[in-house]
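Here the structure is laid out as structure tokens; the discussion comes afterwards.
Just so it is clear, A, B, C and D label the chains in written order, and each chain counts residues from 1 on its own.
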Amino acid sequence: MNMRRSIVAVSVALATSVIAASCGGSSSGGSGDGTPKKGGTINILSNAEQIAHLDPQRNYTGDDLAFAGSTIQRSLTTYKFAAGDAGSEVVGDLATDAGTASKDGKTWTFTLKDGVKFEDGSDITCADVAYGVSRTFATDVITDGPSYAMTYLNVEGEYPGPYKATAAQQAAYDKAVTCDGKTITFNLKSTVADFNYTTTLLAFSPVPKAKDTGEKYDMHPVASGPYKIESYEVGKSLVLVRNDQWSADTDTERKAYADSIVYNFGLDESAMDERLIADAAEDQTAVSAGILPENLQTIFEGGDKALTDRAVNYYDPFVTYTNLNVKSLSCIDVRKAIYLALDRDALRKAGGGPYTGDFADGFIKPALALDYKKATPVEGLHEDGTPNVEAAKAAMASAETNCPDVAAHAKAGLSFYYPDTDIWKKALAIWIDSMSKAGIKIKPEAVGDPAQYWPTVMNPETNYDIARGGWAPDWANASTVIPELFTTGGGFNLTRNADDPDYKAFETKIEEARNTLDRTEQGKKWQELNQFVVDHLWALPGTFTRAQSMWGSKVGGAFQWGPFGAFCYGNLWVK
Amino acid sequence: MAEVVLSVRNLSVSFNTPDGVVHAVNDVSFDLQAGETLGIVGESGSGKSVTAGSLMRLNNSVTATTTGNVVVNGVDVLNCTEDEVRGIRGQDIAMVFQDPLSALNPYYSVGAQIAEAYQVHHADASKDEVEQVVIDMLTKVGIPHPETRLHQYPHQFSGGMRQRIVIAIALVNKPKVLIADEPTTALDVTVQAQILDLMMDLQRETNMAIILITHDLGVVAEVARDVLVMYGGRVVEKASINDLFVAPTHPYSWGLLGAVSSLEDLQRGHLKTIAGTPPSLISIPSGCAFHPRCEFYEGVGSRCSSEVPELRTISSGQSMSACHLDDVQIVSIGKSKVLQ
Amino acid sequence: MYLFIARRLFFAVLLLLAVSLVTYLLFSVLPVDPAALTCGKNCKPDLIAANRVRLGYDKPVLEQYWLFLKGIFVGRDYGMGQAAFSCPAPSLGYSFSQHQCVTTLIGKTFPVTAYLSLGAFVLWMLIGIGSGAVAALNKGKWQDRLANAFTAVGVSLPTFYVGLLVLFSVVIWLGILPFPHYASPFEDPIAFFQAMILPWLTLAVLSAASYTRLTRNGMLEAMNEDFVRLGVAKGLKRSVILRKYVLRSALVPIVTIAGLDFAALLGGAIITESVFTLPGMGKLSIRAVVESDLPVLVGTTMVAAVFIVLANVLVDILYGVLDPRVRTK
Amino acid sequence: MSVSTSPRVANAVETISIEGKSPRQLAWQRFRGDRLAIFAAGVIATYVFIAAFAPVICAVLGISPYRLDGAALNDFGLPKGSFGGVSSEHWLGVEPGTGRDILARLMYGARVSLLVGFLGTLFTTSLGIVIGVISGYKRGKVDAVIGRITDLTLAFPSLLLIIALTRPLTQRLESMGVPEGNPARIVYIILVLGLFGWVYVARVVRGQTLSLREREFVEAARASGAGTRRIVFKELMPNLWAPIIVIVTLSLPGYVATESTLSFLGLGMLPPSASWGAMLGDSVRYYRADPTYLFIPGIALIVLVLAFNVVGDAVRDALDPKADRQSL
């Protein structure tokens, strides 16, 4: 779910955060609510203008997956709708169970339940699932989807998706994804031991071919879950009402308590917080994801217990970090100087202090228990986040002799790309101030539209020296972290580390880790790779982030759903 | 003896301005008889227009302080209620303004504006009656095709025509007194004469009294019987028109008449002027306000700068003058000045 | 008069053509590749190039402009296959970030802006003319000074600051109103008024300022006019003079400015809509700026210009009705 | 002796020569008499002084607009202590999140805000005067062409365009050699303000010019063979000052507000530099957490605006004291 909340993570940057899949049971919400009951309307407050994508094959951000996956769409498998550790267990959704793998882990089969229907009353068939999955390949229309997951499928040759495929190409796809009655079989290129985690992605949910409207499907997908879209107005609201074709008998997870769920778009962030704090009648059934740092004190330590009880502070799945352009900052001394001089404590404070999260030692969150091992930090790094100016100066001094070019570049000004928001302006001030103490200059490059931040820095032609990042694993395996962030084939590698002399060795180790079937053994390899990146300073660990969210006094079931770091929207109920 | 229709006693007006208190009018008194035309002359800032405004209580009620009495039709305009003075305005005293261009409300037809003036004082007049009055008035002031022109707007009339309409508005209620504040200054010379003729014709018809305020001695000479000469907010000479031109009795009047250059002088490029500048009404010179510019000041001496000369009748005739020169000097110098 | 209106309308159309051309040229200099915005994160160069051709962005600017103009009258089709869509006339383009025809988007957001503008306009005229009249009648007194200070602060404080202060004070601190939540006046009139009253007030208070000044000065000027003196000299009542002479003449120039301000409001209540989260045209356009959504930007600019130009024509006509000097020339 | 109504007799009184203080002297005298205006002018002068010498004053006070002070913040990044962290060290408290001194930022911010205000006004007004005078003086075709350009300019939703063009045009300016960052942004703001703002100035000036050019003294100057330039600069300009000064004093605070609106939309000055607009925009978010911070930049702006307004009114009154004879 990679850049989940990427906009929030950028604009509220230092503030936001995630959970941890398997053992992030720090959620405090959701208990002692009383008995859930049916009826009422749940209001979701959001400062976004719309949901990034409702088209299941294009939906790939955590909060939206949690929303759509718990309300309108069903996939083959799903995480249990539960708080804490239970929430990371994969169970069958449209499929009767969590799927069956062949011995070599290269073939996965799922059997569809009986009586599952689309909102128009037609049965959901294996063909609908196969067709849905095939759409993800049509990246010219179906943009932003988890295309990497498609690379698992053993489709021979190029497959451009169902819209443009020739008969031969379609046949190749149909060989990789086969239907036999209610059983769907995925033939994979190589072993994927946890493919049933992949199938929790909505990319594996069915789409009726006859109802596919291509690009426009995003605005009105056909529902398979307990809710369907009544109206969707970008910038205003999305209204969900009950889908009477959904049968509770076919669904172990979705409870669909509320009669309707309304997503309110385009609200001012401050206003959202104020509304929930005020808890006026019409906002008592509202929830919102994220709290602005300036309001954390009021909510969590303001002495109003009723208010504190309506909010949760938890580890979300995210790790934040800072990418260094290894190509332009090819000298590790300079990278070390930057890290040592950086006032991480001030940065954390600006984002709301400990509520921002804990100082990260690497890029794998402790929640990934099998893959986590505390990394040994660079020598001289203060663990309390305060800068070590002396050590930084020393590092710069040795850079002067080892790599005068790069040192000179750092003194002349490192281009720093940031989203032009209030919080980032302050963070930038902290960067500028801390770097100046080590004799390094920062050249700010504002990206005006926060939504354009990722496209800008991911553009190979953008000449940044420093660019921030934030990442959450797609599921509880560091295989969805380290390779994504630090290999040239990864989807989100901003370090430009290909020319690093040690890169080849790194990539080799990655391949080894991937091909290690024993999960514990594999975890050890990820731990080593994590340490490898920390030692090479391709990127600087930031925080293991925490996140906060709040809900109205009449909302029940407001727990944080581990894998997504979001509310389990579909199971919220009105007290 | 004709009826006295307007009696002004000890009228003084001052204004509070950001620059200080302006003493615009000081202790002015005069009477006006029915059918009479009184001219008030003086340069800009001599207080003549303020005097005119006071007669109808038109001056700014916030900044102006007015003392004295102005009695019209038995009512003291300065000391009565707002309702009473409104009953007098337009009914007993009417006014014609200097600039006919700006005196008419541009947003209403001229007929409506005349009708309005009539209806204020004839609330129960019927619509037809009012229209007839308007047409009659327009005819009377010499507007051709009044039936159609009454629907037109001020900007569709020429300057002279507009002034005729202003006169029509003023006279629609047959007032006893008409104040004409520089009625011809803004008009062409040929039109000036027409307007003056019109006013005098109408005066003969209704026997109203006219106060004609002007800085144009020629105009005064043409129509007025008596003249007040004002300087520094005071009346410095009061005379019949003949006496003023034949034997003026105040050094300021001498200057005024002297400034009327002969054609020959103009051709030779000579322009006579009164030396010095008009007084600031904020700090009027002590004593005789004219003394700093008066060529006889040194001869008379400190009295001029310390004592305000009273308006007194000069022994040789009916003219009244406010000057410290003795009567003999006044008469002799006055005549010689005119003969120059 | 009819000839006059016809002439003005003709020039208005010419003006709009000029506006559309300038708008098009202006936005064509933006260093934004509209085609790159059509395919999100996994845009690849070949895909961008294909989309550029598909949407006509590869053509010369003037030809694009021509297609745009044509679209207004005959509608326009874009693309082909699964990604095809068409916008019926009057088409102002297609928004990729919102997947809708610009005309549809504007049609949806316009009523909100219209309600906002209308309400605010009425309120601010009442407040502005009222306080201006009070100030003029009490020139130099405390009422005048207060109106003056109000004017000064009003024209100078940024809308977003005042708007948020008003919002937070009334809703959070005083708790008088619930948080604004826009609803159509036909569906939920109470919610509509609750959502609109604060933005109306904010805009009214800020914009009324200049009308206070205009009214005050206009009335003071009129009070110095000879025709007002003549009115007094006629023996008219003070109230009659104030209404028929003073206010009437002070209002004429106000009409001009009010018309333009109203049009400007329709074209860009950007900040107010953002602060109060009203789903109007201003918010639509600010979003378009943020997303570099060119078709929407061009569309909203054009619609705004249409209103400004129409308002100009209307003001001219109204001017004629109000001022006989213009009418009968 | 006979007296006729010939022209030589008419208007005799007006030929009496009038001398006295020049209008400028009179105006100055009137202005000096307005105590409130003198006080307001003092306030403006103080602001300008503070802006000009901000670095010196900050050095003397030992404060800096850029220095972070984490010690002044609690764990949430909010100022420690009451009233937004007011202390002997930070007289107006500290900025939430960073602990930077608000007084110092306010003083440095005044530099940007006043610079934008003054230069924006200067540019807009000059452009407006030039175009207005040309349009009013030349009349005919020139006037018609300028009139159409005016219509065109007015037809654009200016704020939308200003916002939309900020980024591309600042980049263009930078590529044209304007120093990157804030200088380019300031130049941009001033340019666009001028581009959309001249219309209003030009309208007023054109109207004044149209009526002035018919006056006798202009006729006289033209008759005596004075060139256009001389007439414009010697005869027209001196008579345009009154309306122009009023426009200037009223529009200047408006430009300060515009800068802040752009900042609010993320298009203002770049960090870490301070501007009032950025402070206003930032402070609103602390409505609940730090209300002191919320009011400080607002009050600073309001005081300046009121001062300008008072001075503007006083200047107008001094230059143009309407004959106060209203009858109501």
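Methods note: a contact is a pair of C-beta atoms (placed from the backbone, for glycine too) under 8 Å apart; a residue touches a chain by one contact, two chains touch by 3 or more.
The structure displayed is predicted, hence computed values, not measured ones.
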Chain pair showing more contacts of the two, C-D and A-C: C-D
Centre-most chain [mean C-alpha coordinates]: C
Centre distance in Å when chain C and chain D are each reduced to the mean of their C-alpha atoms: 24
Between chain A and chain B, centroid-to-centroid distance (C-alpha), Å: 91
Inter-chain centre distance, chain A versus chain C - centres from mean C-alpha coordinates, in Å: 40
Chain centre separation (chain B, chain D; CA means) in Å: 47
Numbers and ranges of chain B residues touching at least 2 other chains: 58
Junction residues of chain A - those touching two or more other chains: 270, 274, 277, 448
Residues within chain D bordering two or more other chains: 281, 284, 287-288, 324-328
Listing of all chain pairs that touch each other, if any do: A-C, A-D, B-C, B-D, C-D
In the complex, chain C residues that touch chain A: 39-44, 47, 50, 81-85, 98-100, 108-109, 164, 167-168, 171-172, 175, 178-179, 181-182, 274-275, 277, 279, 283-284, 287, 290-292
Chain C residues within the chain D interface of the complex: 15-16, 18-19, 22-23, 26-27, 29-32, 137, 148-149, 151-153, 155-161, 164-165, 168, 172, 220-221, 223-224, 228-229, 232, 238, 241-242, 246, 260, 264, 267-268, 270-271, 285-286, 288-289, 297, 300-301, 304-305, 308-309, 312
Chain B-touching residues of chain C, taken from the complex the two chains share: 139-140, 225-227, 229-238, 244-245, 248-249, 252, 322-325, 328
Chain D contact footprint on chain A (complex, rising order): 269-270, 274, 277, 292-298, 301, 343, 345-346, 349-355, 420-423, 425-426, 428-430, 432-433, 444, 446, 448
List of chain B residues in touch with chain C within their complex: 56, 58, 62, 82, 86-91, 94-95, 97-99, 102-109, 116-117, 120-121, 152-153, 155-156, 166, 169-170
